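In the two complexes that follow, chain A is the common piece, with chain B as its partner first and chain C second.
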Partner chain A sequence: MHLLKKPWIIAVGVIPALTIYLIFSILPIFISFYYSFMSWNGFSEMQFIGLENFKEVLQDSVFWLSVRNNILVVLASVFGQIPIALGLALLLNRKIKGAKFFRTIGFMPVVISTVVISITWRMIYNSEYGMINNFLDAIGLGFLQQNWLGDPTWAIIAVCITIIWQFVGLYFIIFLSALQTVPSEILEAADLDGASEWQKTRYVVLPSIWNIILISVVLCISGSLKTFDLIYVMTSGGPANSTEVMATYMYGKTFEGLRYGYGSAISVLIFLFSIGLILITTKLLRRKEV
Partner chain B sequence: MRKRSNNLFLGLVVLLVSVLVACSSDNGEETSSNGESTNDDAVELKFWKSEDVGRADYQAFMDVVEKFDEEHPKIDLQVDTTPNADYRTRLNTQAAGGQLPDVFQVWPGAELEPLVDGGVLQPINDIVSHWTEETGLLDEEDFEDFSVEGDTYAVPANTNPTNMVFYDKDMLADAGYDEFPETYDEFLQLIDDLKGNDITPIALGNSDAWVLQSVYISTIADRFTGNDFLEDVANGERAFTDSDFVQSLEVIDELVKKEAFNEDLNTIDSTQMVDYFLQGRTAMVIDGNWGISSILENKPEDKNIGVSMIPLNDKKTISTVAGTGVAINSELEGEKLEAAHTFLQYVYDQELWEELIKVGRPIIANVEVPDDAELNPLTEEMLEVIAESEPAPVYDATLTPAVNDQLENELQSITVGGSTPEEAAENIQRVAETELE
Partner chain C sequence: MSESVVNYDTVSKNARKKKRFKRSTIYLILLVFTIINAYPIFWMIMNSFKTGQEFSFDPFGLPDDWVFVNYVEAWVTANIGSYFLNSLFVGIVALFICILVGALASYFLSRFQFKGRNLLYGFFVVGLLVPIHATLVPMFILMQKLGFINTHLALIFPYVAFNLPITIFLLTSFMGSFPKEIEESAIMDGCGPFRIFWSIILPMSRPALATAVILNFINNWNEFSFALVLINDDALSTLPLGLANFAGQYSTNYTAQMAGLTMVLIPTILFYLVMEKQIVNGMTQGAVKG
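And then the complex of A and B:
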């Protein structure tokens, strides 16, 4: 306790981590701001071009496509991952046979490397030898077969489904541990009052884990905004940009197209979008909290 | 209590300091590639190479590199390989950060220029005479692709014709073709006939988007536009919207509309497309000359494969570029530079080229086919096709990365019906113009 009363001691503890964080996380954001006003291919002399990059980005139809796709990913995550995870957690919070087994299965995708997930799902979705199309064929629903990742209308949906699958386990575990903190006395009291299972869930369980749900939503949004690896490996933004999200587009322009200035301008916009979205959601959710 | 917390604090500080010290001391000894600990006075040379596991020519190159390492105890060679698709990104990013290794693989033309402009490469003009005069293995003009404004930066190992049609002779015979078609109309007829036999005509794996560009358009467009097109575009004298270039995009559009390709062309890569062909799912595959390595390695015994150039218009051009050059970091000097020169002179020698011939790669060096080389008939056939052809520029070796990126995207867009050839041409031209400014 004495330790925490001396601010300089706290400082000694915090400074190393803070320095590293500032140098590797915060400073680059400002450097990106600087680069975004430049025309630069990474090697040559930088050339100051003012707001040209931003002008170009805002008129770039592929950029707006990537924004749209990113919003789709966010929506799919918030309205896919959270409800499914919550439902599963409520189910498995009871004494069901094999609950442990299901818990492990549910959490599995979270510990598998994203690259492995991407490649596996790419095979599952493949139109010629993939599992889904073969399965549809086998049960006589061959007419439902699609070129899942090769058709621009289906590709982003297919990617969203994989993203949901990948992270359901994470929120599932978070909710499950939250559910175990719900005091059993209150539940027993509700039982005595003759509350039905639905009423118990609706009026006792959910309100007591509401905070956790809110945190999960924020995590979910910020996670989906920076989604990159899964899409990069699965489709690398293709076919014809139909699964491009902001991060993959920024990466492609910067490191593959060698336009560091333009890429930085995209990064700055991603930064602004993310800040904006997070501010809005926290505001909306706060109101509910009260 | 007071005393105890002070001790605790002291302990924490000691722990922190020792961690920091541990971090700043050398990051552990890196082992040399031959696994032995090396003596202290050995010169350390870091070498980066793009990796193509399972390809015979890659193995041939690495065998020579390894042999070099064994025979030069005074040079501690450290080899670091990166998968082909990621190598250029890694190289360019590290170059931008000023953290390149001592010697590293580079690509010619448009990919070499920014590195030269950025001043990260060192010319090898002083040692070029080793090949042109002392050994006579290469001629002056062989270095052209790796030269920028009169300075030479790397030695080419092989030439890379990027468009070869490999076909299954039996499948073609079943469709009524004993010979590969000689005109484009016959080629289109062949596609129809194969489809009539319920066979997918051509395997294509374009998920990485470079195949339609490097393999297809580089050659197809040249047959319409002629050799000087890209140069003229760069000068602003011609444009991608010119009707002859649009016609070449229409070829891709037509093949897609005819369903000449496997349906999953945008979700499989260039390795898988060769697999499709070898598994008998398709009658043909169009790939660069490098495709022959995996075809020979993996083909079923009883498969009869032939190779041809694509019959299109009256020209016999195949887009071709020099390959597998190794450049030297501009910061090297003294013993390190000497070691780098020794490395280049050792690796790019008779032995490497003989080995490359043996695995079927076309080379530009003045090296005879070694007596013990048992060339596969398919290799011989391919070398004949190449000998018959005339070179044309390869797009990704000539265009700037931004334009090339756009071209690849638009080609993909054509395959999914997103852009018409005209729209694609306009979009490519727009990026080309911003690059010209």
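And then the complex of A and C:
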């Protein structure tokens, strides 16, 4: 650490990053607050309308449906990705032939572009030519076939499965590297005491990676709140709004309905909702830790 | 005596059998996971080499003849070459700016003591929590005011801004771990802070820089939402946007879609296989260190 005599040098070093960050990441949040009080279609004169936009959003049942779906996506991610990833990581955390191969394939979906994943899964779910329906047919379970993305009850489930598939690998690898930090002396001591594998896992391994599990839960929540691309490409929120999340709802209203003020109000709500949910979970999880 | 030997033998045989059973079960589970992860991708690639007709009656199995019509069709109708160049250009320029200004800021944040240093660092890192899709509408408004809509600048700046938090997080913690003595002799020799940054700190940070570069690139390469909102011209489209539009237009030509996806996917997967270690590090380090 050094103390510089000329503080302007520090300013010169920090200001470029700070400027870009302020203008293109922080400023938009304030812009959305400002425009959320306006009625504006992008061309004609802007009009101040107070809280009208918010009133309208909060009275729109489609908005509440999108909030519910957002929560569903978060729940599916947390209760799908984390347990599956943890279980697999525990299984792989031993001397096993091909461990590297399992890791490589396990992480692969995480690096693939969401657009590629969405289009691929759209075809997998396709009712006529899709992999799933053809597979069900081939094993004689044809009666289980569904129009996965075309049926309002199945569509959101299908979307959630794809989301789980996309990110299990991320937490799988995070847990695997956390497991490697568990001190082997403690495990050997437990071995000498005759602890079974389950006991070792329950009383030694899980407690020592508990922090990482909590961090992963927070990451998983903030990550799944960002769901937009996947649903936009797979279903655009349809059929009949059944897969609408807040971001797709916002996109539709703003850019298809040309209502920038209304869209800004939804943006503000998304922002508050996301930050609120993240703050609440960090608080709750922290309390548990103590 | 001989009885006890036999006994001991059967016990160990049983134990071995049990152990073998356990091992096979573990392998089986890991194998199922791997198939679930890899098969959808494999299915898509296989079918991209079939004619539309063959795909419709045999969506499983290898192609009878490997045909490339789909590739020709996707390449000609979808401008994949131009999307590719756009993605490459935007991704590399944004990553270059982000690393340069991010490394400079990280240098001052990690190697100097000044008032508000921790606050400033916290302000940068909190950007990890800003939900991207909450900024789509205000970003559109902002870019329209700046006259950047339908230019690559409209993508470059947000990409820099949204990658700065993780870049600064990774680089600051890495640079902060160098001992203080590093700069001392350089200061004695009369080197200024920028000289020290350029010829000592930056070269020493190579491992963290590599991680940050790769992470930036993957994020930019896969980004879709900003491109969707800010680019409205096919000639300027990046790969994810162009691909989504192509799949929307040729929504019933499944095999051509698959060919387009495969062309985009193969470079990503090759890049992943070559750089696996850095990619995995970059994407999981935030969690493990956080």
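As a convention for this text, the second predicted complex is superposed on the first by the 276 of 290 C-alpha atoms of A that agree within 3 Å, B and C clash if a C-alpha of one lies under 4 Å from a C-alpha of the other, contacts with A are read in each partner's own complex, and residues count from 1 in each chain.
Just so it is clear, a contact is a pair of C-beta atoms (placed from the backbone, for glycine too) under 8 Å apart; a residue touches a chain by one contact, two chains touch by 3 or more.
It should be emphasised that the depicted structure is a prediction, and the values quoted were computed from it without experimental measurement.
**Student:** For the overlay on chain A, clash or fit between chain B and chain C?
**Tutor:** Taken together on chain A, chain C would clash with chain B, as the superposition shows.
**Student:** In the superposed arrangement, does A:N126 touch chain B (first), chain C (second), both or neither?
**Tutor:** A:N126 contacts both chain B and chain C.
**Student:** Check whether A:M250 is in contact with chain B, with chain C, with both or with neither, and answer first, second, both or neither.
**Tutor:** second
**Student:** With both complexes overlaid on chain A, does A:S222 touch chain B (first), chain C (second), both or neither?
**Tutor:** After superposition on chain A, A:S222 lies in contact with chain C alone.
**Student:** Just checking: does A:L258 make contact with chain B only, chain C only, both, or neither of them? Give me first, second, both or neither.
**Tutor:** Once the two structures are laid over each other on A, A:L258 reaches chain B alone.
**Student:** Once the structures are superposed on A, label A:I270 by its partner contacts, choosing first (chain B), second (chain C), both or neither.
**Tutor:** The answer is second: A:I270 touches chain C but not chain B.
**Student:** Which partner, chain B or chain C, touches the larger number of chain A residues?
**Tutor:** Result: the larger residue contact count on chain A belongs to C.
**Student:** For A:G13, select first, second, both or neither according to whether it touches chain B, chain C, the two together, or no partner.
**Tutor:** both
**Student:** Quick one: is A:S208 in contact with chain B, with chain C, with both, or with neither? Answer first, second, both or neither.
**Tutor:** Neither partner.
**Student:** With the two structures laid over each other on chain A, which partner does A:N93 touch: chain B (first), chain C (second), both, or neither?
**Tutor:** Neither: A:N93 stays clear of chain B and chain C.
**Student:** Which holds for A:F107: it touches chain B only (first), chain C only (second), both, or neither?
**Tutor:** Only chain C; A:F107 stays clear of chain B.
**Student:** Return the residues of chain A at which the contacts from chain B and from chain C coincide.
**Tutor:** The overlap between the chain B and chain C interfaces on chain A comprises residues 2-3, 9, 13, 16, 42, 122, 126, 128, 255, 260.
**Student:** Inside the complex, what are the residues of chain A that reach chain B?
**Tutor:** These residues of chain A touch chain B: 2-3, 9, 12-13, 16, 41-44, 56, 62, 122, 125-128, 147, 149-152, 235-236, 238-242, 252-253, 255-260.
**Student:** Residue numbers of chain C touching chain A in their complex, please.
**Tutor:** Going by the criterion above, the answer is residues 26-27, 29-30, 33-34, 36-38, 40-41, 43-44, 55-56, 59-60, 97, 101-102, 104-105, 107-109, 111-114, 120, 124, 127, 129-142, 144, 157-158, 160-162, 164-165, 168, 180, 183, 187, 192-194, 197, 218, 221-222, 224-225, 228-229, 239-241, 243-244, 247, 254, 257-258, 261, 264-265, 268-269, 271-273, 276, 279-280, 283-284, 286-288, 290.
**Student:** Can you tell me which positions in chain A touch chain C when the two form their complex?
**Tutor:** Contact set of chain A toward chain C: 1-4, 7, 9-10, 13-14, 16-18, 20-21, 23-32, 35, 42, 88, 91-92, 94, 96, 101-102, 104-116, 118-124, 126, 128-131, 134-135, 138, 165, 169-170, 173-174, 177-178, 212, 215-216, 219, 222, 225-226, 228-229, 232-233, 247, 250-251, 254-255, 260, 263-264, 266-268, 270-271, 274-275, 278.
**Student:** List the residues on chain B that touch chain A in their complex, please.
**Tutor:** It is residues 1-2, 5, 8-9, 12-13, 16, 20, 89, 92-93, 95-96, 114-115, 117-120, 207-209, 262-268, 281, 400-402, 405, 409-410, 412-413, 415-416, 418-419, 434 of chain B that touch chain A.
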